[in-house]
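The following blocks contain the structures, represented as structure tokens.
Paired with chain B in one complex and with chain C in the other, chain A is shared by the two complexes that follow.
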Partner chain A sequence: MTVSSRISGDGKELVIAIDDRFDFSLHQLFRDAYSTMTTQDLSYVLDLSKTEYMDSSALGMILLLKDHVQLYAGQLTISKPSDTVRKILEIAQFQRLMTIE
Partner chain B sequence: MPRNQKIALVVDDSKMQCKLLSVLLKEENYQVIIANDGASGVQMYIEHQPDLVLMDINMPIMDGFEATRRIKKLSGEGTLAPLIFITSMDSEQAFIDSVEAGGDSILVRPFTPKVFKAKIKAMQRISDLVDQVKHLQLEQQKDAELAEKMMSGVIEARNFALDKIGVIKKAATIFSGDIQLSALCPNGDIHVLLGDFTGHGLRASIGAIPVTDTFRAMTKKGFSILDIVAQLNRQMFTLLPGDLFFAACFACISEHEKSAYIFNAGLPDGYLFDVKATIKQQFISTHPPLGILPQLLADAQVEVVQVKPDDRLVFITDGIVEARNPAGELFDFSRFEQAAIAGIIQKDLVNNVLRSLDDFCENCEQEDDISLVDVPCSGWQQIKLGNKVTIPEGFTDEDNYFALAENSLPTWSYHLHLTGGLLKKVNPIPLVMNQINDLEGAGEHWQSLYTILTELFINALDHGVLELNSSLKNSAEGFSQYFKERANRLELLADEEKNGSEDFVGIALKYFPLAHGGKMVINIKDSGQGFDILDIFKDNSIAMNDGLKLSGRGVELVNQLCDTLDYQEQGTLVTASYIWHD
Partner chain C sequence: MRNLKKGLYASCFLCLLSLASYLVIADKAFFILLFCILLILLFSLTAQVHKLILQESMAEIGQGMSVVDDELIHSVIFELQQFINQEVNIVEQELERTKEVVADAVTGISDSFKHLQSLSEEQQYMIKILISHSGNVEEGKGVSLANFVTDSNRTLDDFVGVIINTSKQSLETMTYTDEMVSQFERIFKLLAQVEGLASQTNLLALNAAIEAARAGEAGRGFAVVANEVRSLSVGSTALNEDIRTEINKAKGIIANLRTSVETMASADMTSTLEAKEQMSVMMSHVEKVNIQTANSVEELAVIAPKITQAVSLGIRSLQFEDLTRQSLESLQMNVRSIHEISDVLATFNKDTNIDVHEQLLKLKSTCQNVYQATRKADESRSVLQLNMEEGEVDLF
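So, the complex of A and B:
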């Protein structure tokens, strides 16, 4: 499974992790990982520590996630991107739009 | 239709059955060919490419199931020659097996001629549908190719000075999601854009036409890069769905100012190379791609750099640095830079980068659109100087020719008074030029007027209101410091407004039609402290002898374009008159 998601014990955090390549082929899986979440004030963590490559359609998918998070007044954090992925996020200046740690 | 009469192949070891089916098929206007076992059935299929196959199950040498499997393998997906099993085995298993083997239908004996004919009609209908789909696919492909040709006609063919800009454009599909634009500003500056829509193919290229229109129209009207970027961002935000956006690099190259203005929103670093192929500067992305945020970020700013005539700007899209070789490695920045540097030394950047990419990728499938623009910092159309009117022979003196009476009144006048924060937000020159175009129509002669207005307004704002010292611009460090300081002081203007300060720039125009042209009198007044006009002109005569000097060139240029140019009220009021003739 290249997209995995789990909710923390206290139910306040949803972690979505992407393995290997984050591109358009994950479109549906990625959406499914969060689209049924309608809890308010949920923390969404996108774990990119195992993502080796990301294309621009993945950036688009992150923007859709951000729209969803805002709709339910949640928080979005991108967690531990590798250097390659961080470079792509920086070129798109995503640190101006969301938290990257 | 490939041929008039359709061919039916009957495969049956019973000669009696073959004869019977032949008669029925001929009544339905088929030409009939016959095979008596599975193997020769396959052979006949290959030779005659029939439109319909009737297949018995139990036959010597090769049975109907095996023959069907082979025939279906041969016919592939493109065409459907319907294959009907004709059998007296009325069992569930026979039915399942015939569909498994690839049969399209089954007909169980005994049947009446009417049922048989109805069956083959139904099958023929299905095969006609398949043909139609195939036909439509081909049409669509043809349409897509045509549309692509027209798109690139609209987009690239109308670019300004294409011959001077080096371009790489390799689309991953028929439609490219990357676009390259260039256009000429009214004052002779050049605007260049390299952009990349998310994804590729038709979906990605749909935004290209509105981007092209806006970029060209606003450039022509004299809007600045930042104005254009802000408008494109708003437009793309409304137009594109949430997961689509437009990453782009913009440049305005001003040959007479020897400077370039750059804005990078979401593309890999842009480069400024000098003539020896040294990287003088890199332009990192400072803003998210366009179409994500409803408005540009408040601190969005263009980067200003000093350029030499033989410098060049190079922009690339991520398709270049993310191209992969068979081992899965990225081409990356270092390989690109090496190829570009070697290319500049060999005076062929574009082909050198292309060759290097091809060698690296070894025919790997291209995943994304690949593009680059290579823009020289000089050699663009020069503004025509010395635009002074020459009086044709036969007219002895000026007034006579221009027929402008003493004390004559202007046919129209126009006033614009900008205060405080508006001076930061509004670029008045396109507004003014729009008025002139609306009232007097478009014309080449307004290009010089645009330059005059721009230079005089910038002087009033920078040296009058903002009290910036133009001598700062003499050195490269001072040059960028000047623009930083300018941005700071503009920011202060917006704050002062709240505190009731009265900073302003006023622009007034008066238009006098002449018998063979027209005369525009321009007044620009600012709230600054003024300056000693003699110093400026003394400065200019030094500047004239020193080609590298950057400041003070504006006034000199305006002086050459104008009929008269006067500074009054300690330099806070300038009056210029510009005359043009048909």
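So, the complex of A and C:
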């Protein structure tokens, strides 16, 4: 699996983890990972710790996820991106839109 | 002196003569005569010697009495005058030459200092222009290098935003496309149902035809209807196939659309990343250059008045020429005094009729006059120099 998602024990957090390449080929899997979630106030964590490459479609996907999160009044956090990925996220100025840790 | 020598020779001769007359002639009267003459001669010689000693002692005291050899005095004074004249002339020439050389050199140095000052001012002006130009590429419009870099940075950010937005829109398009594809699948299911209906109609028409055949002549008309229904069901099946084919074509087009949208959505960010990094390097460089420029301007502001100060000091130092000229002029005056003495010496007449003693006295008084005049001049000069050293000197 290049995209894996799991809900924490208390059901208040959804963790979506991406493998080394985050590009267009994942868009279906990525959307499927969150589109069924309609719980209010859910915390979404996007785990990019293994991701090495990211293109603009990945950024678009993250923005779509952000739209979804906002629709259900949740929180979005990007977790442990690598240096390259962090730079790309900063160029896109995602730090203004979501928490990057 | 010569007379004294002659007298001594004569007395010696008389002595020999008297001795000879005593031995050879043996004439008493003649001998006494000779002896008397000898005595008188010796007496007068003694008087002469006494006078000479007296004169020498007089000369020692300095009461120049013209007892010495006049001719020697004349020649000595003549030589002295010649020597002084020659030396004084040389000294005068050298003084004049030094004065000219110093004046020329000072004029040259002063000119070069002034030139240096004007050049330095020109240089400052040009540096100021250069600095103001480096700050503003286009004067008046305020387009500085820093502003340009900031603008470019903003443009790049906008560009990145556009790319991401395009990706987002493309992905949304993709979602709709996927929905459309699933919609097609549902259409296929409906088509299958329609096909089922058609085959059932076909079967029904077949049954109807069999029943019509069994009815014989009475069912002939019904058989025609059953046949028509059957051909309708066959046509319906063909139409279904056509629809399926068309929708499959549409699916092929959608696959192309998907590829195209994928290309649109997936922009590689690597080059943007590099551009962004270069931009920040550029930004820090511009900042550094700006700071350096500001520092240089400050340093130049400090250096510029220092140059002016140094040049002013140099020009002020050139006042030494004035002082040197005054010293040289006073030296020239001194030399003139010596010249005057020399002139006085030149008037020392060789004419033996005029008394040497008188001439020496005249010489002495002239010397004293010249000495007094020189001394006065020297005193006034010292006062002048003192004033020069005390007073603050302005540029000339």
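We adopt the following convention: the second predicted complex is superposed on the first by the 101 of 101 C-alpha atoms of A that agree within 3 Å, B and C clash if a C-alpha of one lies under 4 Å from a C-alpha of the other, contacts with A are read in each partner's own complex, and residues count from 1 in each chain.
Everything that follows uses one rule, which is that a contact is a pair of C-beta atoms (placed from the backbone, for glycine too) under 8 Å apart; a residue touches a chain by one contact, two chains touch by 3 or more.
Quick caveat: nothing in here was measured; it's all calculated off a predicted structure.
Peer 1: Overlaying the two complexes on chain A, which is it for chain B and chain C: clash or fit?
Peer 2: clash
Peer 1: Look at A:M37 in the shared chain and tell me whether it touches chain B only, chain C only, both, or neither; answer first, second, both or neither.
Peer 2: In the superposition, A:M37 touches no partner, neither chain B nor chain C.
Peer 1: Please indicate which partner A:Q93 is in contact with in the superposed arrangement: first for chain B, second for chain C, both, or neither.
Peer 2: Both: A:Q93 reaches chain B and chain C.
Peer 1: After the superposition on A, what does A:M61 contact: first (chain B), second (chain C), both or neither?
Peer 2: Once the two structures are laid over each other on A, A:M61 reaches both partners.
Peer 1: A:L29 contacts which: chain B (first), chain C (second), both, neither?
Peer 2: In the superposition, A:L29 contacts neither chain B nor chain C.
Peer 1: With both complexes overlaid on chain A, does A:V3 touch chain B (first), chain C (second), both or neither?
Peer 2: The answer is neither, since A:V3 touches no partner chain.
Peer 1: Would you find which stretch of chain C runs into chain B in the superposed arrangement, from 39-47, 183-191 or 273-281?
Peer 2: It is 273-281; the other listed stretches have no clashes.
Peer 1: Counting contacts the way the document defines them, which residues of chain A are shared by the two interfaces, the one with chain B and the one with chain C?
Peer 2: After superposing on chain A, chain A residues 24, 55-57, 59-61, 63-64, 84, 88, 91-93 contact both chain B and chain C.
Peer 1: Okay, in this complex, where on chain A does chain B touch?
Peer 2: It comes out as residues 24, 55-57, 59-61, 63-64, 67, 84, 88, 90-94, 96-97.
Peer 1: Write out the stretch or stretches of chain A touching chain C in their complex.
Peer 2: 23-24, 27-28, 31, 54-57, 59-61, 63-64, 84, 87-88, 91-93
Peer 1: Show which residues of chain B lie in contact with chain A when the two form their complex.
Peer 2: Chain B residues touching chain A: 196, 198-199, 242-245, 247, 265-268, 284-289, 292-293, 297, 318, 322, 330, 367-368.
Peer 1: Would you pull the chain C residues touching chain A in the complex into a rising list?
Peer 2: Answer in residue numbers: 157, 160-161, 163-172, 174-175, 178, 262, 265-269, 272-273, 276-277.
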